[in-house]
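First up is the structure itself, then whatever we jot down about it.
Chain nomenclature is as follows: A, B, C and D, assigned in order of appearance, with residue numbering initiated at 1 for each chain independently.
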Amino acid sequence: MKRRLLIPVLSALALAMATPAMAESPKQGGSIVVTYKDDIVTLDPAIGYDWVNWSMIKSLFSRLMDYKPGTAELMPSLAESYDISKDGLTYTFKLRKGVKFHNGREVVAQDVKYSLERALDPKTESPGAGFFDSIAGVDPFKKGKSKDVKGIAVVDPSTVKFTLSRPDATFLHVMALNFASVVPKEAVQAAGKDFGKKPVGSGAFMLSEWKLGQQLVFKRNPDYFQSGVPLLDQITFQVGLEPMTAILKLEKGEADFAGDGIPPAKFLQIRNDPKFKDSIVEGGQLQTGYVTMNVQMKPFDKLEVRQAVNMAIDKQRIVKIINNRAVPANQPLPPSMPGYDKTFEGYPYDPAKAKELLKQAGLEKGFKTVLYVYNVDPNPRIAQAIQEDLKKIGIEVQIKSLAQANVIAAGGKAKTAPMIWSGGMAWIADFPDPSNFYGPILGCAGAVPGGWNWSWYCNKELDARAAKADAMSDPSKAAERMEAWRGIFTDIMKDAPWVPIFNEQRFTMRSKRVGGADALYVDPVRIPINYDHIHLSGN
Amino acid sequence: MIRHLAGRLGQAALLLVGVSFITFILLYILPADPARQLAGRSATPETVETIRQQLGLDRPFHEQYLRYLGNLVQGDLGRSYTQKTEVAEVVAARLPPTLLLMAAAIVVELMIGLTIGVLAALRPGSRFDQGAMIVSFIGVSTPQFVGGILMLYVFSVQLDWFPVGGYGTFRHLVLPAVTLGVLGAGWYSRMMRSSMLDVLARDFIRTARAKGIPETRVVVVHALRNAVLPVIAMIGIDVGLFMSGAVIVESVFGWPGIGQLAWQAIQQVDIPIIMGVTLVAAVAIVLGNLIADLVAPFVDPRIRLR
Amino acid sequence: MSDAPPLLEVDSLVKTFPNRNGGGGIHALNHVSFTQRRGETIGIVGESGCGKSTLGRTILQLIRPTSGDVRFLGKQLTLLPDEALRQMRRHMQMIFQDPFASLDPRMNVATLIAEPLVIHRLGTAAEQATEVARLLETVGLPAEAAKRYPHEFSGGQRQRICIARALALHPELIVADEPVSALDVSIQSQILNLLNVLKRDRGLTYLFISHNLAVVKYVADTVAVMYLGRIVEMGPAEQIYENPKHPYTQSLIAAIPPLQPGSGHAAPPLQGEAPDPEHPPTGCAFHPRCPHAMARCATEAPKAVDIAPGSGRHAVACHLHD
Amino acid sequence: MNSELPIFRVDDLAISFGGGTRRARVVDGVSFHVGRGETLGIVGESGCGKSVTVMSSVGLQPSPPSHVDGGSARLGDVDLLRLPPKALRRLWGSRIGVVFQDPMTSLNPVFTIGMQLREALAAHTNLTDAEREARIMAMLARVGINAPERRLRQYPHELSGGLRQRVLIAMALICGPELLIADEPTTALDVTLQAQILALLRDLRDEMGMGILFVTHDLGVVAQFCDRVAVMYAGRIVESARVDALFRAPRHPYTHALLASTPRLDSDRSVPLPTIDGMVPPPGARGAGCSFAARCSRAQPICLATAPALVAGQDGAFACHHPVPVP
């Protein structure tokens, strides 16, 4: 949804090279300039939820869990170790000793409890509060019936124990979310409502300067607990620059990294410019663009119709419309998401067969329907391509090109939008786990007014299988769990509530000054780049 | 004079209430729900409802508006939804750069526009005149986004005379001021040309010539002072034009002004900031017109403030 | 004089324009009264700013008066609601000084002349066309003029078009505001002749406003001389020209350069200029310029007095004739 | 009032307007002269070329769009038509003064009266400030402006029309010119003011001795103010004479008709005013014959074929094949 949070997951590339930063053993030092179009709205980890501040917050704060640089592989961070009970309901974390906040105070278990309760407190208005629902006692706390969250217990200053109300295989991912960042209570209280402008954490960098609308300067945290990290002494974030201007700045050497990427209008030109050959890094992202068909509305209540539509749309052509910045999709999960089925072939492009299916559904004369689309380029052009394809099998599509909020509203209303093209609002996972791609957008829980399941598809049997998979929190069952998810997503395609169209690729532009493995520039969790591990080239 | 000022300020206050009301209505009927936006997609409907209550968004329209107005009178513009900071603070930080840019752009556009306009009017129909009017037309009709990028490419990347965007030194100021000023210069040169042609055809110019004074004096003293009168009124109106131009130019050049702030706030449906910026822009337009009002009598003695 | 009721009665008409301060006001018309018989041409003369144009417009209710009455065809125009007034306008038309500015350049002559007929929904299209042709003939323009546009005509011809347009609704009263001032002498005489012919043939009544006494002499039966919003002298044309009573009228007539060289001016020219209507002099408004001013002229405003007892037609507002 | 030694003499002046195919002769073969202390009236209806003639003869007609095609205009022994602009400008305001038609628009609204007068004087003299002020005061007093010190600080809009015309006259005469060009100086004024201004100009002429070139359309003004008169029609002088002779016995049918059609105080309104039918031919459409022929009641075939030359008669000159007989 929106441009808020896009947490990507590991690209195939990233998987190939594990901790690449270590391989080169680069020297520390130097500074770089990163540009962004929008000013940073906040650096409060409980609130920040857009892809600009996401990675910055990761560098300013620490969490119990983290990912290996350039990968989606979990590793303990503030936690030295963790232990999961057999029933998957208790998680005990042992904190690393001697870790200090930027204000010099040591991080203790009480800080973890405080930080999570702060994120859950409705007064904080944290958009991430919903991620912690599996912790026992969250509900009474949110409703003000309980002073604290009973499921978070401070055992001793370096031990914190979580009790869950149900097994949750994604809990370690949740503990790696920014919303689970550990903050010092005294600094939060001192800053009052301005904590987002005066962040104090225990991350690799500290905020040293912030001129509203102009720039932010991050300085290296000399006391950072991970030795040799960060590699850079300073990062200057210049904000308020149009992507096009940012490219010019990069070209001239005034910036090292264009945070907003390559403007779509200039994509082909820059991609084909030999000057930029070594500056562009390509990777996958945890995103799927799809067309929903409302299974509660006629004639999409008929399976044959949905299958026909799946076979009538030429995805390859649509990919060309967006200058090949994506790969065609055949299932809901993107290729870089664990659980993706490489062997699955989906529905082939076969208009003749599609016509045949319509005939079987008793609709050989075709029908008329409406396709909702977000009115920002390239979405209307994509919708037109879909319109042309469907016309060939006799489906007359009227395009309703609306503001984003209106499309979302229509999708969340029962029996309103027969078809929606998800572009510009497409689902991007919050963390690299397939479960994040099911519940809200394909499960029964999302098929409610105001929900995100725009197909209004509800399969009780699949819901049960999903619940079962998510309960497999035993790390030894990880492979079995992925297998279960793989089956769920390919089985969904038998019912064909969606037409998966494509998965967008990421293209990151950097200057020649900066080095480090490519994977750091398309880091699946630190979007757009992993500030902690990049370094100047030649060092 | 003082009565005039007081009257003007009274009008301005009314205008601001009007502007705030209209903006408030527009934002009220906007389909985007700030509470839902703030809550994030992981939120349950109850959470969204709690946030809505906290922001007072569940109240009827008139109550919301009156509360906003009440705070406004006390100088409280509210808190930004997304930035969680005082709107007044955010806007105050952004205002000086915009004012600086605007002042520089006005200097640029007057220098270029008036010079071209006067020279073109002195030889109507000449090659210079035709060329100048074509250039003015291009200036007026070139989208500022394209113009700005072009300037950056030529003068920063290729020639390396100026930095690529940013804020701080005089060299940072030049290109955005020129980009913003060129649009106005196009208007001014066309306006100055026709105003000058009009004035040069008036009887008093003939009288001045008949006195035997040098032609340059006729043009510079007698014609220019009269021709510039409509231009002064235009500067007041211009402030509004600048405000809209600033949105694009500030974004292209990374100029930390309120135009950029507005653009970002609109995309994020940050209503308190949109309201704040709109009000500041309205104040600026009112002040611009007031200044034009105050300057005009010094140039034209027929206008007397009472 | 017949016993028939007058066509037009103007009673104590006052028009005050607010000045720039909003207070005080400019007294453009100061208790102006007169009556006009059917078929009588009244010439209103005076210097610029004396209120003569305002008088014309106020009578037609193009400007609503501040106070006073205008009775026309027995109806009190000042009390009429807008719709009724619109109906009454059929019977009173106006001709202006600048014939070019009065004609929409995008309309051809036929459309311009027929416009009043169309507005008042008189006749079919064919009847209107016939009427246009007849009107063109009446004002001395060729029939083919109907298809042409105003810019193709000279000033005199344009004024003829304006007259034809004014005649379209067969009005009783025509208010002509400086109708020949913008025209050359040779053309001026054509228009004056035309106006006289129309008056004779159609029994028109003119209120003829002009600064040129010689022109007024040629058309007017009765002359009213205005000074600073008041009628200072009014009477039959012969009497006004041959035996002017008010010193101002005398000065006005004396100021007209005669066509005989060497005849010189009868008297030294009137000194000074008309005073600022925002700050009129006390007493008789003319006293600062009057060669015969007396002490009481500065304090006491003279009332109009009938100096031809019985006829009730020659009145002067001057202390010399009290 | 002697005209033996003309101070200004125009010979065979020809002027056209426009360029290329649209170029049209608007003034053709015009000659006249003004003597010291003498007033020459140039009279005619609008479009006859009277203003263009006069303004062009002193170089004040903007060019383009007008072009002087030929002729000369000598002030003393200098031909103004052949002077470079700089030299011409030295004469304007010093030896040639100009008063224009509309006092309301002929003063610059944004400068004080004082500034505009000082400028006129400063352009041609090297007086000290005190001398200059004294001269300005004297001049203002002379043109009948009371409290000149106060007026100097005022702006044009604060003055009445009559006062403004007096200021313009003061401005034109402040350097004591030999020639005064008065282009319809009273047309925009009321009759009472017209009388005042004409009286003032007459007094100043008698006192300062300059020649006046007086452009007007008003025959009454000509009769009262001018010594000699040249009547223009369609870009040519059709008759010129001493004023008394012209009004007593106009020879050209146009002059005659013009006089007859002017309403006068002593006219008999029961008789229709004589009129001149038809229209003035526009520039460019003037044929080989007499331009007035088409409107002339006395026209003969020859009038349409050949343009009559200006022939000197007893009391003046006229251009007509069939002149009106002397009564």
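Convention: a contact is a pair of C-beta atoms (placed from the backbone, for glycine too) under 8 Å apart; a residue touches a chain by one contact, two chains touch by 3 or more.
Keep in mind the model is a prediction, meaning the values are calculated, not measured.
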Min distance from chain CA centroid to global CA centroid: chain B
Centroid of subunit B to centroid of subunit C, CA atoms only: how many Å? 51
When the C-alpha atoms of subunit A and subunit D are each averaged to a single point, how far apart are the two points in Å? 89
Please compute the C-alpha centroid of subunit A, do the same for subunit C, then give the distance between them in whole Å. 85
Per the C-alpha centroid definition, the whole-Å distance linking subunit C and subunit D comes out as 32
Drawing the touching chains as a network, do you get a line, a ring, a star, a complete graph or other? line
For this entry, which pairs of chains touch? A-B, B-D, C-D
What part of subunit C is in contact with subunit D in the complex they form? 47-48, 154, 184-186, 188-190, 192-193, 196-197, 211-215, 217-219, 241, 251-265, 268-271, 273-274
What residues on subunit D touch subunit B, complex-wise? 60, 85, 89-94, 96-98, 100-102, 105-112, 119-120, 123-124, 155, 157, 168, 171-172
Which positions of subunit D touch subunit C when the two form their complex? 45-46, 160-163, 190-196, 198-199, 217-221, 223-225, 243-244, 247, 257-259, 261-265, 267, 269, 272-277, 279
Which residues of subunit A touch subunit B in the complex? 1-2, 4-5, 35, 37-39, 41-42, 44, 47, 49, 122-123, 125-131, 142, 193-194, 196-197, 211-214, 238-242, 244-245, 248-249, 251-252, 254-255, 403-406, 409, 430, 440, 450, 452
Which stretch or stretches of subunit B touch subunit A in the complex? 30-33, 36-45, 47, 50-51, 54, 79-80, 82-85, 90, 93-94, 97, 145, 148-149, 152-153, 156-157, 160, 163-168, 250-257, 260-261, 264, 267-269
